[in-house]
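In the two assemblies presented below, subunit A is common to both, partnered first by subunit B and then by subunit C.
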Partner chain A sequence: MTASQALANVVEWMPFILRGFGLNILMSVLAILIGTALGTFLGLGQLSRLRLVGAPSRLATQLFRNAPWLVLLFYCIFLMPYQVNIGGMSIVLPSWLRATIGFSFPVAANFSEIVRGAVNSVPHGQWEAAEALGYSRRATLFRIVLPQCISRMIPPWMNLYALLLTATPLSMIVGVEEALGRTQAAVQAQANSAMLIPMYLALLAMFFFYTWPINRLSRTLEGRFGTK
Partner chain B sequence: MIGDIQAFFRDLSTSGINLTIFYDAFDFGRFVTGLGYTLLLIALSGFFSILIGAFGAAVLSLGRGPAAAIIGGYVALFRNTPLIVQMYFFYFAIGSIMPVMRNEIGLAQPLIGGLAWAVISLSLYSGAFNVETFRAGVGAVHRSYEEAALALGYTPRQAFFSVTAPLALRFSFASLANNLVDLTKATTVAYAVGVTELLYVSNQIWSDSLNTIEMMNVILVIYLVLTGLVVFLINRVEAAMRLPGFGAGGAS
Partner chain C sequence: MSFSPTSAPLISLRGVRKSFGHLEVLRGIDMDIRKGEVVAIIGPSGSGKSTILRTINGLTPINEGSIRVGDIEVSDPKLDKVKLRHRVGMVFQQYNLFPHRTVLQNVAMAPIQVLKERREQVEERARRLLAEMRLPDKADAYPGELSGGQQQRVAIARALCMEPEVILFDEVTAALDPEMVKEVLAAVRKVAEGGVTCILVTHEMGFAREAADHIYFTDRGVIVEHAAPQVFFTEASDPRTKEFLSKVL
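What follows is the complex of A and B.
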């Protein structure tokens, strides 16, 4: 088989695989939204002086940060119900949605650490200055410290998104029909082992051209927001 | 003693918590095999990824030529693509053009099996992160050390290997520990190419014994212990290699 033939085959299957890649992007966007929202609460919880809030937040963060993504994914796929009933309405949870929820947990834990790190990176003198000016702890956090943290949190948040996107093909193992699963199906349909390398290279390129600009931009922003 | 433990868990199974691995010899055997493979993956991939990282960082720090460009491209490529796709690429795509051997009973057997491919792709993936880590470590060494070495008559290469690199290694430990924890977690991906590691055997066990929840909790605890162990080991190595006057809280 010539190179041009291989290329023609790859191009022919590309729309099929790109539709799968769309699911990867959808899962990653949903998971980063859920994870960021949850992680904000966990991160602020970690900073709480109330032991009843701080200890569980720290425990959850460490638990979900140190567990393999695949194990958390298995938890959500096997232990979540296939459908939920809310007031007589039954909503079917397709496996890609359950996988998305599975990805949200490690994202939340990682974001929790980003929040905690950013808040701790603000010099302690600012807390003392705010206290001297009569600000309460809450007002200091929300009106002085957190606004400065946002720009510092953006680069690691973007790295986290890139990491999440490259984790989404794991859902293939639990039967979600995303880009990797579709590539495998396409290779089997062509029944030609010479197509294995071009097809998988095309898939790698797809992920690379989506993720690489994100990581580049993150690095540029890090340089701009740098506080050193 | 062992009989008592087995009896305890057999009693426990009647109350709903069915941990077959603690009383069923077959499940116990499978589980230990899986744990062994996971430890093997961590040890081999960790070793090779550190070698790759050290080599890559040395090349990037010493030269600007095509070698540095190749390392830069390797790091960008492996950091920005999914590990599982890399593993599939090696196992299925590259594996399809590898020579096939015949084993003693005449069956086809690939020259490089699932375990070897898993180690190769885990090492390359984690190695790409280690290159960045060690490179950042080199960047953290103040230029004055190198200049002092050059003034004493060291060649740039000697100054790098005898002065900069040993200091850079010590500055890299925190980030290296992070990468090795990520590697420990990533070994579960070897499941996808059929390596009988912990997650794989657990899946077999819960398929046979229908104790999914119990086994999931067991492996979750085991991975938390494993990542804890990795951090502990790195901290021990770091403490053993600590130089007086360097690093935070250097009490020595």
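What follows is the complex of A and C.
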């Protein structure tokens, strides 16, 4: 088989695999949204002086941050119901959606740490100055500290997103028809072992050209915000 | 020089004690400061000077004793903190301006957000204060664009904009290059001349001597000596004061 034949085969299967890649992107976007929202609460919870809020937030963060993503994924896939009944309506939860929720937990835990780290990186003098001007702790956090943190949180948040996207092919193991699964199916359908390397190379390129600009941008922003 | 022993003091500290862990930094402090006075607290490093200041506006809670500012009991657990901080402002060694806000916003934000005053009114006052601090054209700059001396003058304007009766100055020139010390001391003097009660922790002996009404000398958590500057700098009696003065003068 010549190189041009191999290329023609790759191009032929490309739309099939790209549709799978679309699912990878969809899962990653939803998981980063859910994870960021959840992680914001967990992160602020970790900073709370109330033990009743602080302790569970820290526990959840450590638990989900130190668990393998794949194990969390298995939990969500096998423990969540296939369909839920809300007010007589039954909504089917497809496996890709359950996988997305599974990815959200480690993302939330990692974002929780990003929030905590960013808040703690603001010098103590800022809190004191605000306190001396009559700001409460909560007002200081929301009006003075967090606005300074957001720019510091964006680069690590983007790195987290890139990491999440590269983790989404794990969902193939639990039967989600994403890019990796489809590539495997395409290779089998062609019944030609010579296509193995070009097909997976195309898949790698797909992930690389999506993730690489995100990491580049994150590094540029890091430089601009003057943080490491 | 508004020293009149008959008028009740604006601020009084009685038997104030404070420990950090096993370290007792204040071991019974008594002070009386009257309205409009300029008081300098001097002493060796680690003698508790800054801690005294920080207890007066409640930044550092005390273990024993009492602190009164006007009719406010600072150690009261039901203390109205906004009311106290409205009356007592503070300027820090490291300026502690908010870097994400412009100079004008730094000066005006607390009166607007904390005291709920009208924005136009506060901003007008803030601009006037910036002009008094000789920074009229810096309103829209960010703190990071200013020199240390300029930042410290913004911090003084920020404290003044709350319209306090008292301002605590915590080693406000200690982080500055020598050529900027002068401009900041001139600003402090202006505040004092405006009638605001000033309590300074400082290492600038020349300034303390010439601008203060009273000098308190602290060492190891107690007030060793308290006198008017002309007396303090020439007739100090305690050996610890003498030793300190021989080192710094």
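What we mean here is this: the second predicted complex is superposed on the first by the 226 of 228 C-alpha atoms of A that agree within 3 Å, B and C clash if a C-alpha of one lies under 4 Å from a C-alpha of the other, contacts with A are read in each partner's own complex, and residues count from 1 in each chain.
By definition in this document, a residue touches a chain if its C-beta (ideal position, glycine included) is under 8 Å from a C-beta of that chain, and two chains touch if they have at least 3 such contacts.
On a predicted model such as this, the values are computed, not experimentally measured, just so you know.
A.B. asks: After superposition on the shared chain, which partner residues are touched by A:Ala167: those of subunit B (first), subunit C (second), both, or neither?
C.D. replies: After superposition on chain A, A:Ala167 lies in contact with subunit B alone.
A.B. asks: Examine A:Ala139 and indicate which partner it touches, taking first as subunit B and second as subunit C; both and neither are also allowed.
C.D. replies: second
A.B. asks: So in the superposed three-chain picture, is A:Glu128 touching just subunit B, just subunit C, both, or none of them (first/second/both/neither)?
C.D. replies: In the superposition, A:Glu128 touches subunit C alone.
A.B. asks: Which of the two partners, first being subunit B and second being subunit C, lies in contact with A:Pro147: first, second, both, or neither?
C.D. replies: Only subunit C is touched by A:Pro147; subunit B is not.
A.B. asks: Of subunit B and subunit C, which one contacts the greater number of residues in subunit A?
C.D. replies: B
A.B. asks: Under the definition above, what is the set of subunit A residues touching subunit C in their complex?
C.D. replies: Subunit A reaches subunit C through residues 123, 125-126, 128-136, 139, 143-144, 147-148.
A.B. asks: Which residues of subunit C touch subunit A in the complex?
C.D. replies: Going by the criterion above, the answer is residues 57, 59, 81-82, 85-86, 89-90, 92, 94, 96-100, 109-110, 113-115, 158, 162.
A.B. asks: Could you pull out which subunit B residues touch subunit A in their complex?
C.D. replies: For this pair, the touching residues of subunit B are 76-77, 79-86, 88-89, 92-94, 96-97, 181, 184-189, 191-192, 199, 212-213, 216, 219-220, 223-224, 227-228.
A.B. asks: In their complex, what parts of subunit A are in touch with subunit B?
C.D. replies: By the definition above, subunit A touches subunit B via 63, 66-71, 74-75, 78-79, 162, 166-170, 172-173, 180, 184, 187, 193, 196-197, 199-201, 203-204, 207-208, 211-212, 215.
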